[in-house]
Every structure is written in structure tokens, then in C-alpha cells.
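Each chain gets a letter, A, B, C and D, in the order it is written, and its residues are counted from 1.
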Amino acid sequence: MSFLMLFVLVPLLTVIAILFSKNIRQTRWIAALGMSLQLILSAVLVVMYLQIRAAGIADDFVMVKNLSWFPSLNFNLTLGVDGISVSLIALTSIVIFAGVFASWQMESLHREFFISLIVLASGVFGFFITIDLFAMFVFYELAVIPMYLLIGIWGTGPKEYSAMKLTLMLMAGSALIIVGLLGIYFHSAPEGGQLTMNLLEISRYKIPENVQNFLFPFLFVGFGILGALFPLHTWSPDGHASAPTAVSMLHAGVLMKLGSYGVFRIALFLLPQAAHNQGALFLILATIGIVYGALGAIMQKDLKYINAYSSVSHCALILFGLLMFNRSAIDGAILQMISHGIMTALFFALIGMIYGRTHTRMIHEMGGLLKVMPLLGAAYIIGGLASLGLPGFSGFVAEMLVFFGAFSHADTFHRIATVLAASSIVITAVYILRVVGIFLMGPIKDEHHRHLTDATWWEKLSVGTLLLFITLIGMFPSFVTETLIGNSLAPALERLMSNF
Amino acid sequence: MISLTFHQAVFYFFSAVIVIFSILTVTSRRILRAATYLLFVLLGTAAFYFLLNYTFMGAMQITLYAGGIVVLIIFSILLTSHVGDKFEPIGAGKLIVSLLISLFGAGFTLYVFLKTDFTPSSVGLPDASVRKIGNALLSYQRDGFVLPFEVVSLLLLAAIVGAIVIARKEPADNENLNNE
Amino acid sequence: MNAFEYTFLIPFIPLLGFLLIIFNFKRFPKKLTAALATSLIGISFVLSVYTAWQYFIIMGPLHGVYPKIIGNHFEWLKLGEHLSVHMGTLIDQASVMMLIVVSTVSLMVHIYSIGYMHDDRGFNRFFAFLQLFSFSMLSLVIATNVFQIYIFWELVGVSSFLLIGFYYEKPSAVAASKKAFIVTRFADLFFLLGILLISFHTDTFDFISLTNPENFERFNLHGTTFLGLSIPALALILIFVGGAGKSAMFPLHIWLPDAMEGPSPVSALIHAATMVVAGVYLVARMFANYAIMAPEALALVGYVGAFTSLFAAVIATTQIDFKRVLAFSTISQIGYMMAALGVSGYGEEAGLGYMASMFHLFTHAMFKALLFLGAGAVIHAVHTNSIREMGGLRKYMKTTHITFLIATLAIAGFPGLSGFFSKDEIITAAHQSYPLVFYTLLVVAGLTAFYMFRLYFLVFWNTETHYHHKPHDPGKAMLIPLIILAVLSIVSGYIPFGEFVSSDGKPLHTHLHFDIAIISTLVSFVGIAIAWFLYKKSSDLTSHLIARWGTFYRWAYNKFYIDEVYLFITHNIIFAYISRPIAWFDRHVVDGTMNVIGWITVTTSEKIKGMQSGQLQQYAFAFVSAILVISAFLIYYLINN
Amino acid sequence: MWQDISLQDVLIVSTLMFFSGVYGFLTRRNLITMLMSVELMLNAVNINFVAFNYFLHPENMQGMFFALFVVVIAAAEASVAIAIIIGIYRRFKSINIEDVSKMKF
């Protein structure tokens, strides 16, 4: 029994406990309890991880534990974490914690809702704690499937369409991923040994370059779909717009990171040569995605669409950073995963709360809400400022790391890409301020909005948690970039750099 | 001059009956007449069995088929149709396609049958006495049929029960579903 | 190790105030907030003065050069192998001078705001933001490295955004705050790229190593850039664009006039005295790099500064909004400072322009803050911004009138007042090397005198309009800062500034250049005289003149339509032809492709589904045909084998 | 007696009977006539069984027994089929096969 297993077991136990809950009060308290426990567990994990590192253990992955699963195929449930997965686990528990409180008032089918939500979360946790490709894939699917139900049942607007679209596109991604994974599996033992899905064992060998070139697009695009790679991002606006609050939070906040994590952990780590060969192409797509998402957000009228496009832009920045193949850019990209995860969760939480009051998400139908609900409004503005990369918040540090890393490539191609990517900080400012100006500031447009209430305690808790972490990371970025992530970048960097 | 034995004459007569009434059965536009024609076909078949000396088989054919099934069919016709009803004429396309398929199938099958060189057995006539059939049906030795016999009896039971279940009057609360 | 470790407190005390107030902004009574904020900024002020005293007086120059001292610093973020971002305090001539400027004006504005914002619902919020701004600005000026400057650069931008949009229910204020933020953000993009470029080539952010001429040899500055510029020139121009955005240089000046939507104390603090000079300060910070590495970039700074100065002065003569006149005046004066930097050389006497620029920055901060605070007092009293609706106020607001007059005289370059000295230095510096800049600045000096006195006469003299309430001098809280700043506006000119602030750290002995001084004084007097003639009493001469100069007047009045050009570019080109098509493209083409794929699948399945019609006979057809075909093949196969 | 009639003769009859059954099944829209067509086909098959038994393997009786069982099962089938038809008639008030197409997708 490994400590890491708790991250999957606690959600599952929570789910079982929810099955026996009698009413919504019990359901949400059980969910809140379980997820608080999860938050504490991840804090413990961070501490444990730091202690292990402090003890001088320099393995790529720590707390490795091998549980046999399909012995005949040598598929194992191999647990193990490094700094990156630890920080992403922490991110997930923060977001799901806030998500539970953000959906405090989910009345209809509350039991089923919380169960699906937590199953989804446990899939994400599972994905981050394993280093066996097959187990990762299984958990990945576990995370994607409840999404369909969550959007299809509890969504708003054209929810069936969105749920279908989202699920189908992600499933298409899965199809590509499984091809890529099997390809790696069958080349995991070049000297005729036992085939394996274990990340560590695969990384000992070099997969032949032509095989790498063949498999890389499958894995990059497959995970890229989830990471909102242009032009395969279109599930994101519809999906997010239709999903209920907590689902949008979890999805944009964490699930999209599964994509970029997969790109980093599997595509780049295992196929470094192909990454070099084909990096330029995907870099172009990522750059387009950054600018395109931001420009697309300017003219949107629906709050959720704005945020969804913003997510496209920010997630493209993650891929952009990863494809720079150097320490600071990748460091920044991973920090951006965390930062964007919290930030976008905050946005979706706030949008959900505002929508719950005004019953509209159209920015032009609202106005002057800052006066009516100062806390939510202020939180939205702070979130907006964080999103446009204000120093003091996490997004700034991540962006700077990525830009610095990107700028250390002195050739014209990378320079132009960097300048274009950097221009997104202006465009981001434009759309964020436009939205804030229209719906939070100005005179109150709808007289009915005059009597709306401000945040309740659970909303304060949800929003406060997220804000706290955005600020903490922004103020003390070194803790994440150096202490947590720093050492863990080395193996991947080594493999990526060795080709130069 | 083709010499025709009595047997042959009888055989050809019943063959003609069977073929003609078969075709009439499927082309008649009055359902009750079709049922009657079917009865003739079945009786013709029974005559075949008698001709081939399978008297028990022939008897079964008459009692079960001609007596049982046809009566059943006629009952159901009376339950579901008006006696004077005529079928609508069949669409030309459907008619042609079906006809083509049937003729092609018949031609093809006949071609195969006539092409094949069947070597008749020289053992002699089969023994189809009721005694032998009765023994064989209840025998568990070689050439015994007690297992299929039992299976068939179970099947019959199941069919009876099934028929009752299906045909029984439905509960009233399902009425509204019927009209959807 | 060093005596300046306490300097980190200077910015941190206002930060503490910000946090205290913002987390209690519903609980704190106004009095508590005011007392807390003012006393905290007071402590910062005292510490700043103490720092200056310690640095300039106690320590003095070391071997004839003022040292650059790192007060304290720590590594905040590692950016790469060699580069890391530090946070800390750098104590040198410029930063200490700026500490004084920022903390003085900030303290004055805090005191003033107690009176000015007294009846406002957002009193606590206002003070919280003021504290936030003070924190950011103080951190900016004592930044040890260019990246720290960038960080706080953004934060002052945000404070400015929050304060301009303070009356967030007023659409014009919202629009102005948005505009200010986006325009400066746009410029910051270039700043950032400049930082990226220069740090890539020098491997350092630190001002001490970055600006030390002895290091320049070691920097790897080779490589090609576009337009044939050298790398340092390109990088420094990019950084200057950042500075130009914050300092409202043409053509990025458009946000500053609109920023006057904020409360008057904010205009005084942020948009006159401190934040807007950050651009000047930035160029001054990296002056060695500009002067030695890329003189062409420095020349650009000079010309842009001079042009902006003239441009804004011309517009200022036509504006009728009290605060907008002052805003254009600010732009013009900052242009002055930029021009002074541009014409300066590095070190010794050649560095006169640098010193003059800093001097003008210092004096300008005092009198421009005074002007804005005075404007605030007037607006507070008469409830309008339009100078057409004012007049004859000298009778009602005696103290305000006198302090305003002092400030006006100071900015107009009246001999004996602070502006006279600093402006004189600038014009002298320009005279030495750049005749074009020199004449421009001279013309601007005349224009400045003219439009400031136009403003002064229109407000305090001229025909008295009918006021609903009798205007009166504001309360003590507002008057005291006015008086203090008036005193400072007079005396700050007598500081031997060159002794303290110079381009290379060595004290620079300056003296008044009488020839230049006489010319510039004459020009100013001409300006004042014309204003006197036209505006002291209401006369129809002005309208005649306006009619004569119709087109030009209209252009100047409309700020040469720069705003409209921007609006056209952003709304009609970027929004309409880029963003909207992208939104459309995304919905219909990219998403459409996905939907077409889905549609194909669905349609195919519909067709297949159609076969499953429930029509028994169709199944039978299929069945029989299939059986026949299969058996035909089978038989054929059997026969042939 | 068997010299008089050849196997082929019987097969021709049964084939014609079978395919008239097929034809009927494909064209008739009335469920009962379709059932009758099925009976025709079954009969044709029965004849074949018996004929093959008689002409080719008279020494054992499998063919006949098979036909016998088919008859029995046909009876069972017919009774169930008619029960179904009557059920359908109750539900749809019609036994036209084209009206009874609920069983799709």
C-alpha cells in the first residue's frame, strides 16, 4: 500500500460515502470533507516530497511502487511522482476543493453530480501518480468519460451538442494516444527483452528515430487536443460554455493540463528527437493558438466564451513553452499549467456565481455589478489582472519564464514566434479590461440586478482559496519553479538537449 | 409415345397440383382463397408421402398441417380480415424484383439439382412402418430419437405457453401506449 | 554590511497600509483610514529624507564619485543559467532623489485627499489604492535591476488603472482607465522585448553591472538585427518605447489627457509628479547605456521629447478643460525632460542635460503637483471642469489663488522660481549640441508661459461667472499641502542639484547661464504678456484670433485627431477586420470543419440506419439475395475446383 | 416403384414450391399470407428431406424423422406466429407488414 494510492482511494471512498447520503446537506458535506482531506493529503505529499529531496535522493521519480496489473502484457500500476506531478496533484486538489464549494447549491441529482465530479477528479489524480503509460491512459479515460455525463446532464444551453462534441473530440484524441502508446510499447525493448509501458524503463533505451518521427504526431496531437492545440480547440468554447460551474473549473483548470502534461511527460520525454524534428511545426500552431485565442476572445459576448478562448490562448502558451526545449521555458510552461489552472478555475467559479444571480452570461446585459457585489466583482478584477500577467500573481512569472526561455533561441524563427506570443499580453489586457469595463463597471444596466446579493460563505471560501494560491505563487515563485519543479526537469531536459 | 405408369401419372398429377396451387397461394388476392390453395398444396404433399410409401409421414402431414395449421390460419384470417377483402396490387418494381429473385433462385437451384449426379441407393425400399417409427422415436440406441423427441415436446410446451402469453388480452393501462 | 538595509521599509510600509485597509475596507472608519495611511506614508517620507541625508550629506561622494549601494536584495526568481531576478533596493543619486520626490508628493496628496475625498463613499478604497501606488512607485524607483523596474512598472500601471477608474460607475472614467492601461501595456510589450534582448546579450539585469561603462567591453553585443540597427540601439529603443508609453510621449500620449477622469489628487500624484516621469527615470537609469552604447537611440529620445513637448504645448493652448490643460502641460514638460536627456552626453560637463533633466523632474514634480492640487481645489469649489465656466476666482479663493500663481510662475520659468533654474539648465544643455532641439524648447518655453497664464487668467481673473454656491477656499487638510508645495516650488530651484545628481556620479558644478537665461526669460515674458493681453479681461480678440487660425485651432483643439486615428485603428481595423473575422473564422471554419466531420459521420450512420427500416420484406430481400449470391459463388467455386 | 419416379422430378417440384414461397414472402404484405409462404417453404424442404431419404439412403430413416420434427416444429411455430399476428393486430389494428415497422434502430 503506497501513500500515493490514497489519492485515488480517498475520492473513491468519498464516492461510496456519497452513495449512502440522505440529502443534499450530507452529500455536499461528505464531498467537502473528502476533498479537504485530499487537499491536506497533497500538502502532506508536498512536504514528504521535499523531505525526500532534502535527504539527497536524486532519482527521477520517488515513492516508486510497482503493483502488478496485467502481468501477461507487463502492464503494471507503477506509482511514482516527481516535482512536476506533485505540483499538479496539489493544483488538482486545490481546484477540486474550490469546485466542490462552488457547486454547493447543485440541487438536481446532487448525489450523482458529486459522484461524477469526484470520479473525474480521481481519474486526474490517478493520471498524475502513475508512471506506467497504460495506467496513465486508463486514468485519462476515467477522467474524460464522466465529463460527458456532467455536461450532458447538468449543463446549460446546447448541452447535448457540446457534451457530444467535447467527448468525441477527446475520444479522437484518445484514439491517437493509444496508437502512440502502443507504438512506444512495441519499441520499448529494442534488444528483445520484456516489452514494457513503464516510463522509466522505456526512457533507458532510445527509440529509433524513424519510429519516433512516426509516433510523435500521434502523441502530440492526441494530448494536444486536450491541451487545446489550434485548430483542435473548438470543443473548448462550447464545452466550457455548456458545462456546469465546477466542471468548467475542473476541466479548464486541470483536465486541459492533462494534455500538456502528457505532451511533456510522454511525447517530449520519450520522443525527444522527433520533438526536435517536428517541433517547429507545432510551435507555429502553438503561436497561432496564443494570438488567435486572445484575438478570438476580444469579440465574444458570453463570459464563458471569453474565458474559454482565453484558456485556449493560455494553454497554447504552455505548449509554446514546452516546445522551446530549455529549462526556463519548460519551467515556465509548467508553472503556467498551475497558474492557469487556478486562474481559470477562479474565473469559471466567479462566472458561475454571477450567472447564478443574474441568470445571464451576456456581458452586454449586465453592468455596474461591482457596486452590487463588490467581493465577487473585485475577485473577478483580480483574476483578470492575474490573467493578463500582472506581477505579484502567478501568471506573470510563468509568462516571463516562457518568454525568457523562448528568447534564448537567437534565430529569426524563434524570435518572431516569441514576439508574436508576447504580443498576446497586450491583447489579453484588451479583452480582460473590455469585459471588466462592460459588465462590472459603468452604470447598472438592469434594475433587477440592483438587489442581488454578494458572495456567501462557501463562495468566499472557494474564491478565496484560489486567490490565495494565485497570489502566493506569484509572490514566491521560486518555491514552485526551483524547489518543487526545478530538479525534476533535469531528466527531460537532458534527453531533449542531448540532440544538440 | 411416352409410356406412363400409374405411379407416374399419379405423381405428375400431384406435382401439377402442388406447383399450380403453390403459385396460386402466393398470387391470389383473396386471403381466404390463398389459405384454401395452401390446403391443396399441403394435401398434395401428403399424397407425395403416400406415393413414397411414407404413410405415417403422410398421415402426420394431413393431421398436423392440413388439419391443424391451416385451420389455425383460417381462424386467424377470420379474426383479422374481412372475408371479402382483396389485397392491393403489388407495386411493379417490387413485383419484378421479387419475381426475378425467385426465378433466378429457382433456376439456379434447379440447375444445381439437375447438374448433380445423384446415385440412387440400391438397398431397396425403406421400412417406414409405424412400429419401426415408434421404436426409433423412443429408442436411445443408435438410430434412436428419444432426445429430439423430448426436446420437441418441451418446445411444444414452450410454444403453447408462449402463444398464450402473446395472444392474451393486454392489461387496460397499456391502451394508451398502443396508440402512439 | 551597509547602512541602507532599512531602505526596504520605505516601500513596504505603504504595502502594509494597503493590506490593512483593503482587508478591512468595510470596517475601518474614515478617520482611522486617513490617519493610518497618512502616518504610514509619513514614515516612508521620513525614512526617505533620512536616506537622502545619510547618502548625500553624511556619506557624500567616495573618491569624488557617489557610490551605488545595494541596500538589500534577495533572489526572487531564477530565469536561466546565469540570469535571475532579484528584488532589492539600490541606493544611488537618482533613486534617492526619486525617493524624495515620490514620498513628498505622496505625503502631500495623502493629506490633501483627506479633505478632498471626505464625502466620498469610496474613501477607504481610495486610500488603499493610494498606498498601493506608493508602494509600487517607491519600489520602482529603488529597483536594483531592470526586471524589478518592469515588475513595479506594471504595478504602478495597475494602480493608475484602479485610480483612474475610481469612479467606476462613470462610463467615461471606465473608458479612460481602460485606455490608460492598454496604451501603457502596449508600450510595456516593447519594454519587455527590450529587456529580453538586452539581458540576452549582457546576461544581467542589474543596473550596477549593466550601466557600468567598464563592463561594456565584456558584453556580447554582436549580431544582426533588423533595420540595420545595432543590438544595443534596438534594445534601448524598445526600452524607450516602454518609457514613452508611461511618460506619454508622442504618439503614445493619448491616454494621459483622458486619465484626468480620476480624482484630482490622483492626477497630481500619478499623472503629474511621479508615475508619468517613470519613463524619464528609466532612460536616466540606463543613461550610460544610451549615451555610450547607442547614441542614435539617445538622439531619438531627444527628438521625440522635443517634438512631444512642442506638440503638447500647442494643444494645451486650445483646451478648455482645466485638468486637460494641465495634462498637456505635463506631457509637454516631460517631453522637456526627455529632450534634456537626449541632448546630454555622459560624464562631466557633457552630462549637463542629464542633470538638468533630473532637476526639472524634481522641480516639475513640486509645481505640477501643486497645480493639480490647486485645480482640484478649484474644481471642488465650483463643480465644473470647464474653464469657460470659471473666472474671477481670486476674490473667493485667496490662498488657492496665490499658491496657484506661484506654481504658474514656476512652470512659466519666472526668474527666481524653481522652474526657471531647471529649465535654464535644459535649454543650456540643448544649446550646446542640438540647435533644432534648442529652438524647439525655446518656443515651448514661450508657449508654456502663454497657456499657463491663459489658464490662470481665465480661472482667477476674467469675467466672473455666476456661481450657484459661493466658491471658497478649501479646508485645512487641502490648504496645507498647497502651501507646503508652494514653498517647495520656490525653494527647490536653489538646491545645487548638480552636486547631488549627475550622469556619472561625480558632482557637477553648475552655474546660471545668463545669456541663455535672459533669452528664455524674455520668451516667457512674451508668452505671459500675450496671455495677459488676451485673457486678463474678457475680450473678443480671442475669438477673432480663433477665427483667423480656424483650421489650425480646430486641429489643435481636437488634439490633432490622434485619438481618432487610434480609435480607427483599434476599432475599425483590429476589432472589425481581425478580431471579429477570427471569431467568425473560429465559429464557422475551424469549428465548421469539426462539425462537417461530425455531420458526415451522422449522415453516413443515418443512411446505414435507413437500411434497418423495420420493413421485414426489405430484410427478406437482402437475405434472399445475399444467400443466392453467396451460394452462387460457392457453387461456382466448387464446380471450378 | 422408385424406378418410375426419379429424384430429380421430386426436386423440381419442391424447388418450384420453395421459390413460390419465397416469392410470396417477398411480395405479400399480409402477415398471414407471409406465414403461409413460410409454410410453403417448409413443406418444400420437407419433401426434399423425405425424397433424399427415400432415394439415396433408404437404409436409415434420418431424413424422414427430420421432416417429422420439422412438421411438429412448424406447428409450434405457426401457433406462436399466429399468436403474435393477433397481438400485432390488436396493437396496430392491422396486419399489414408495412405498418408494422416499429422494430428498427
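What we mean here is this: a contact is a pair of C-beta atoms (placed from the backbone, for glycine too) under 8 Å apart; a residue touches a chain by one contact, two chains touch by 3 or more.
Source: prediction; values computed, not measured.
Please identify each chain that touches chain A as well as chain D.
C
Write down the chain pair with more C-beta contact pairs when C-D is set against B-C.
Per the contact counts, C-D leads.
Mean of the CA atoms for each chain, then the mean for all of them together: which chain is nearest?
A
Using the average of all C-alpha atoms in each chain as its centre, how far is it in Å between chain C and chain D?
Centre separation, chain C to chain D: 97 Å.
Between chain B and chain C, tell me the centre distance in angstrom, where each centre is the average of that chain's C-alpha atoms.
The computed centroid separation for chain B versus chain C comes out at 101 Å.
Express in whole angstrom the distance between the two chain centres, defined as the mean CA positions of chain B and chain D.
Comparing mean C-alpha positions, chain D is 5 Å from chain B.
Any idea how many Å lie between the Cα centroids of chain A and chain B?
Taking the mean C-alpha position of each chain, the two centres sit 70 Å apart.
Give me the residue numbers in chain B that touch at least two other chains, ranges are fine.
97-98, 101, 105
Which residues does chain C have that touch at least 2 chains other than itself?
Expected reply: 621, 624.
Pairs of chains that touch, anyone?
Chain-chain contacts present: A-C, B-C, B-D, C-D.
Which positions of chain D touch chain C when the two form their complex?
22, 25-27, 29, 34, 97-98, 100-105
Under the stated contact criterion, what part of chain A meets chain C in this complex?
165, 168-169, 230-231, 233-235, 237-238, 292, 295-296, 298-300, 309, 326-328, 368, 370-371, 385, 388-392, 396-397, 400-401, 403-405, 407-408, 410, 418-419, 422-423, 425-426, 429-430, 433-434, 437, 440-444, 477-478, 481-482
In their shared complex, at which residues does chain C touch chain D?
Interface residues on the chain C side: 609, 612-617, 620-621, 624.
Hey, which residues of chain C end up touching chain B in the complex?
621, 624-625, 628, 631-632, 635
Which positions of chain B touch chain D when the two form their complex?
Spelled out, the residues of chain B in touch with chain D are 5, 7-8, 11, 15, 18-19, 22-23, 25-27, 31, 34-35, 38, 41-42, 45, 48-49, 51-54, 57, 60-61, 64-65, 68-69, 72-73, 75-77, 79-81, 87-88, 90, 94-95, 97-99, 101-103, 105-106, 109-110, 113-114, 118-121, 123-126, 128, 132-133, 136-137, 143, 145, 148, 152, 155-156, 158-160, 162-164, 166-167, 170, 178.
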